[in-house]
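Chain IDs A, B, C and D follow the sequence of writing; residue 1 opens each chain.
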Amino acid sequence: MELITVLQILDSTVRLATPLLLACLAGLFSERAGIFDIGLEGKMLAAAFFSAAIAAVTGSVWLGLGAGIVASLALSGLHGLAAITFRGNQLISGVAINFLAAGLTVLIAQSWFQQGGRTPSLPGEARFGQITLPGAEALREVPVLGPIYAELISGHSILVYVAFACVPLTWWILYRTRFGLRLRAVGENPEAVDTAGISVVRLRYSAVLICGLLCGLAGAYLATALQAGFVQDMTAGRGYIALAALIFAKWRPWHALYATLLFGFLQAIALRYQNLDLGIVTLPVQAMDALPYILTVVILAGFIGKAVPPRAGGEPYVKER
Amino acid sequence: MVGRKVLLRVEKTPATPGKPVLEVENLRVIDPAGVERLRGVSLNIRAGEVLGLAGVAGNGQSELLEVLGGMMRATGTVRMNGAPLDLSGPHADGQSRRAAGIAHVPEDRQRKGLIMDYAAWENSVFGYHRDPAIATGPLMRNSAILDHASAQMQRFDVRPPNPRLPAKAFSGGNQQKVVLAREIERGPDLLLIGQPTRGVDIGAIEFIHQQIVALRDAGKAILLVSVELDEIMALSDRIAVIFDGRIMGEVAAQDASARELGLMMAGVSTGKAA
Amino acid sequence: MTLMQTFLGAAAATALSAGAALAEPALIFDLGGKFDKSFNEAAFNGAERWKAETGGNYLETVMQSEAQREQALRRFAEAGANPIVTTGFAMSDPIAQVAPDYPDTMFVTIDGYVDLPNVKVIGFTEHEGSYLVGMMAAMASKSNTVGFIGGMDVPLIRKFACGYAQGVKAVNADATIIANMTGTTPAAWNDPVKGSELTLSQIGQGADVIYAAAGGTGVGVLQTAADEGILSIGVDSNQNHLHPGKVLTSMLKRVDVAVYNVMKAGADLEAGVEVLDLAAEGVGYALDENNASLVSDEMKTAVDAARAKIIAGEIKVHDYTSDDSCPVLTF
Amino acid sequence: MERMPKWADVVLIPLISLLLAAVISGLVILAIGEDPINALNLMVKGALGSTYGWGYTLYYATNFMFTGLAVAVAFHARLFNIGGEGQAMLGGLGVALVCLYLPWPHWSLALIASTVGAALFGAAWALMPAVLQAKRGSHIVITTIMFNFIAAAFLNWLLVGPLKPRGGMDPSTARFPEATNLPSLHDLLAPLGIAFSKAAPANISFLIGILACVLVWVLIWRTRLGYEIRAFGHSEPAARYAGISPTKITVITMLISGGLAGMMAINNVMGEAERLVLNATEGAGFIGIAVALMGRSHPFGVFLAAILFGFLYQGGAELALWTSIPRELIIVIQALVILFTGALDNMVRIPLERIFMALRRRGA
C-alpha cells in the first residue's frame, strides 16, 4: 500500500476514534467511581442532536456545543438520580436512558424541523472546521514526515485535539490528584471513603457529571465536526463500542486511547473496504463490524489477561446505620 | 451478661461417645487472595458427643464449617462414617454432604441458612428440596411441604406458627428455629452448627440448647462453633481451640478453664495439646 | 374498551374522520426517509405538487425497518387508500404478498417489479441519465479520475454506475473510474458518515468529480466533496442547490413526475409496466443558476447531442440489469 | 416486618409507574404540539377498535410475551439478560433453516420443529455469555450486549450472502414453502363463527405464547429447578449452602431465557413475514426488558404487560400514520416505563412505604 493510502486510513482512524475516545473516557470516570454506565450511547445521541439543533438555529457551533453538553449532563443527572440517590439498578437506568434519547431526539427533531427526524444541514460557521497546524503546508514536501504531519496530525477539528489531550489529563486527574485518588477509592471501597468522612454521594455525582461532559463533547463532535447535522440514530452503536473499549483498556486512560484507536482503525477499514482480502481468507465487512465486540468478548473470557472491573461497580452504596 | 451466665447452665448427662463419625486430617484451605486459612487441621468427633470449637472469630472456624458443609474447596482428608468425602471434586457440594448424613446450621443464617424472601414453608426444605419424597418428577409437592412445615413449626415453637410468612418476617430466634428444625428433624449423623444463638432472644437460646443436647443424647455427633466461650463450655463434651488456622489444643470439657482456653485462643500454647 | 371510548368520546371527532379517509392516495417512503434530499424526497415533492394543484389529501408513512413493509401496505389498504404508491425495489416482495388480498386497490411500485393485475410498475432508464452526467464528469475532470459512490450494492445501483462509466469513457477512454458501494443492506441508503469517508478515500486516489447514487448517504458525499473543494454530482432530485457552485449537476430521475402522475390518475390508474426514459423526460440532468458557472457551453452541446442520439437509438447505453454485467466497469 | 401489603408491591407500584410514564408521555405529546387525549383515543381505536387492530396488537404482544418471559426468567436468577434481541434474531435463523431446508407435510409438524429450532438457536446464543458469567465472572450485561451486535453482523452477512436467494435484491431469505405457513387467528376463529380480520398477522403463536406463560409459571413456582433459580437469585451464598451450583443454575437459566427469546421467531418470522428479513426483531428483545419489569417478572404480569405493549406498539404505529407524531413515541414510552419501574423504583416505593407505615400506625 502506498504511503498516502496508509495515511488516509490512519487519518480516518483518528476521526473515527475521537468520539469513541471521548465516550470511553466518559465511561472511565463513571465506572472508576463505581457507577456502571451503559447509557453512553444515549448521552452521545442527545448531545449530537442538541448541538446540531442549536448550531443550526443560532448559527454558532459554540452555542451548539454548549447545548449538547447541557443535554448530556441532564441525562447524566438522571442517571445519578436513579443510580445514586434512589439506589436503583444502574444497568436498567442506562438502558432506559439509551431508549429515552433514541426516542426523544427523533420526536423533538421531527416537531422542530419537520425533516423526518433530522436537523437541517449545518453551514460552515455552524460546524467545527479543520485546524491547520502551523507549518503544515510548508512541511508537506518533506519526505515521509511531511505528509504525516500535514495529513495525519494537522487538519482535524479542535475537538479531536481536545479528545487526545483528555487522555493525559484523565491520567493526571486519576493518579496525581486527591480527587482522583478518592474517585478511584469510591469505586473500589465506598465504605472506606465514607468512613474517612468524604461524601460518597458527592464524589459519585461528580464522576457521573464528568462522564456527561465528555459524552457531550463526543456527541457534539459527531454532529458538528464529523458530520454536518443530526440524523436519526447517528451514534450507531458507538456508545457500546466505547464501552467495549473501556473493558479492553481495563479501565485505564492510556489503554483507552490504544483501544479506541484500534476500534477506530477497524471502522476505518470497514468503511473503505467491503471485503478485506487478507491473502488466505477474505474477511467480509460484517466480520470487521463485529470485530470490536468479538475482541471484547475474548478479553472478557480472560484469554488475553483478565479484565476486572472496579470492585464496587454496579452496587448502590447504602450507608450502614 | 450476668443473667446470660445463669441460663447457660445446660442440664445434661455425661456423654457416652460411640464410634467415630467424622475424622478430619490435615485439612488445608487457601483463599482466593492466596492466604492460607486452614493450615492442616485434624480432629475427630464420635457419635453421641459435642465437640466445641473455640476461637476468636476469623481464625478459620468459618472455613472449617464451610468445607465440611460443602461450600468451600479444600485439600486433606475427611472421612464421614469411614467413607472419604470429596473435598475438591464435583461432589464437594452441599447436596453430597447432606446425602452423607451431614446437616449444617450455618453461622450466617440470614445470608446462607435461609432465603429471607421465601416463605417459612419454602425454607423448611431448603437444601433438601431434591429429596424424592417431596417431589413428583420435576414438580415439588408444595401442599405436602406446607403441611409438614406447619407441623414442624408447632413442634419447634416457632412464633407466629404461620408457614406462609416470609423468613424475614420472623425474629432472629424464630428464624434460627426454622433452620434448626430443618437440619435436625431428618436425623443427621453429624450436625455442624455455627453461632447457634447469635442474635437470638433468651427464651429461644434455652430451647436451642436443649435441642442440641437432645440430639447428642440421641447418639449424633455435633460440631459446635461459637465465639461465645460460655456457650462452648456449657454444651461441649470436648473443646478444641483454633488459632490462625491451626488447632492449638483440645481439652475435655469438665477439665476446661476459661483462662486456659482464653490463652490458647490468643495463640499461646499451654503444653496440654492433644 | 367501550368505557374507554365513552370516556374519551369528546375528543374523538378528528380521529374518526381520519379512519374514514376513503380513496385518498397513499405514499410509502422507503428506508432512508422522506427527506433524503434525493430519491424519496423526489417522491415527496411529486406528492406535494399533486396536493397543491388538486387540493387533495394523501396518506404517507416512512419505513423504519424491513419488517414494517407489509403492515404499512395492509394498513393503507384496510383504510381504503387508493392507489398506494411505494418507492424502492424492496417493496416488490411485500406488494406481491399483499396485493392479491386487496384486488380493488391499485398498488404502484417505483423501481420494483411485480406482475399482478392490480400493480403498476414504474421504472426508469437510469443508465441513460447516468451516461449523460458521466460525460459531464469526464469533461470537468482535470485529473482524469472520477468517482462513483453507490448506496446499497444491488443491480439497480450498478445500473447507475455502469451507465455513468460508459458516459465517462465516451468522452475520455483513458479516464479512471473508481466505484464504491456503501454497503449491502438498506442502512447504506442513510449512512452519511460512510459516504463522507468513501469520498475522502476517492479524493485520495485522485478523483476530482464524484457521482453519488446513494440516497441519504449522498448528502455526506456532496458535503465532503464541497468541503474538500472538488465537484460532485447529485442524484434523483436536483441537488445542485445543496452546495451552490460545487455540485456539477444532478442526474434527475423524475420520481416526482411519476408520483404526481399516478396520484393524478387516482383510482383510474392502469396496471402494467411503464418505463420513463430520456425521451419521456423521466431521466435527465439538472441545469440551474447554482451550476450554471460549472457547465460550459461545450459540455452542454456535447451532452445534448448525446441525449438526442440516445433517444434516436444511435447510441446504445448498456443496461447492467439486462445481463448483470458491465463492459467498462468491474465491481 | 413487611412495609406494605403484597398487592401494593405487585399492583400499585407498577400502576403508579405506568401512570407517571403516561403523564410524561402526555407532556411530550403536548410539547410537540399534539393533543394527548386525541392521541390516546387514536391509539385505542387503532389498536383495539377493530379485529384488524386487535390482530396486530396480539401479534406484537406475542413477540413481547416471549422476550418478556426471557428477561423475567433471567431476572429470577438475578441475571440481566439484555441479549434478547440477538437471541431472537438467532431464533429467526433457526426457524428459517427448519422451514427452508426440511420438507414439511403439514404446518403443525413444521411448527413443532421450528419451535425447537428457534429455542435451540436462541439458547445457543445465550450459552457463551452464560458460561463466561458463570466461569469467568464476566458481566452478563456486557457480554449479552456484545452478542447482540455480533448477532446483527452475523445475520447481516447471512442475509446478503449465503441465505439470499438468487436474483434477490433485498437482504432476506427466500419465502418459506406454503406448507409451513401458520394459521392466523382468522383461520382459527372462523370455525367458531367469529369473524376475525384476515389481514392481521396474529396467529397460532399467540396461543403458544400463552402456553409459554403457563409453563414458565410452573417452572418458576412449581418445580425444583424454579425453586433453585429463585433461591440463587435471592442469595448466592445461600444457594451454595443448599448445594445449588451457581455455575449450573446460571447456565441453565440463561439457556431457558435465550430459548424463550428465540421462540419469538415462530411468531414474527414463521407466522408473519414467512421469510427471514433483516432486523426482523424490530427491538422486541429490548421491549422484553420493559415488559418483565412492568410485569414484576411474573408470567401473568408479563402476559398483561405484553398486551399493554402490544397495544402501545400498534397504537403508536397508527398514531404515526394519522398524525405527525412519529413512531418513536413508543420508544419514549418504553424508556419511561423502564426508567420508572426499573431504575427509579425506589422513587415510587419509598414514599408509598411511608404512606402504608403511617396508615398502619394510625390503624393500630
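Everything below uses one rule, namely that contacts are C-beta pairs under 8 Å (C-beta built on N, C-alpha and C of every residue); 3 or more make two chains touch, one makes a residue touch a chain.
The model shown is predicted, which means the values in this text are computed figures rather than measured ones.
Participant: Name whichever of A-D and A-C has more C-beta pairs touching across its two chains.
Facilitator: If we tally the C-beta pairs in contact for A-C and A-D, the bigger total goes to A-D.
Participant: Counting only Cα atoms for the centres, state how far chain B is from chain C in Å.
Facilitator: Comparing mean C-alpha positions, chain C is 79 Å from chain B.
Participant: Determine the centre-to-centre distance between chain A and chain B, using the mean Cα coordinates as centres, and give it in whole Å.
Facilitator: That pair's centroid distance is 53 Å.
Participant: Just curious, how far off is chain C from chain A if you go by their C-alpha centres, in Å?
Facilitator: Those two chain centres are 35 Å apart.
Participant: Starting from the mean Cα coordinates of chain A and chain D, work out the distance between those two points in Å.
Facilitator: Centre-to-centre distance between chain A and chain D: 30 Å.
Participant: Which chain A residues touch at least two other chains?
Facilitator: Residue numbers touching two or more other chains: 117.
Participant: Multi-chain contacts only, two chains or more: what residues does chain D have there?
Facilitator: Only 156 qualify.
Participant: By the document's touch rule, what are all the touching chain pairs in this structure?
Facilitator: A-C, A-D, B-D, C-D
Participant: Along chain C, where are the residues that touch chain D in the complex?
Facilitator: On the chain C side, the touching residues are 1, 4-5, 8, 11-12, 14-16, 18-19, 59, 61, 64-68, 70-71, 74-79, 89-90, 92-93, 97, 101, 154-156, 184-186.
Participant: Would you pull the chain B residues touching chain D in the complex into a rising list?
Facilitator: It comes out as residues 69-71, 93-98, 104, 106, 108, 111-118, 122, 126-127, 129-130, 135, 138-140, 142, 166, 169.
Participant: Flag every residue of chain A that touches chain C in the complex, lowest number first.
Facilitator: 4-5, 8, 11-12, 16, 115-118, 121, 226-228, 231-232, 234, 236, 268, 271-272, 274, 285
Participant: Can you tell me which positions in chain C touch chain A when the two form their complex?
Facilitator: Checking each residue of chain C against chain A gives 33-35, 62, 153, 180-181, 183-184, 190, 192-194, 196-198, 200-201, 204-205, 216, 219-220, 223, 242.
Participant: Show me the residue ranges of chain D that touch chain A in the complex, using the header's touch definition.
Facilitator: For chain D paired with chain A, touching residues are 28, 31-33, 80, 82, 128, 132, 136, 138-139, 141-143, 145-147, 149-150, 153-154, 156-157, 161, 286, 289, 293, 324-326, 328-336, 338-339, 342-347, 350.
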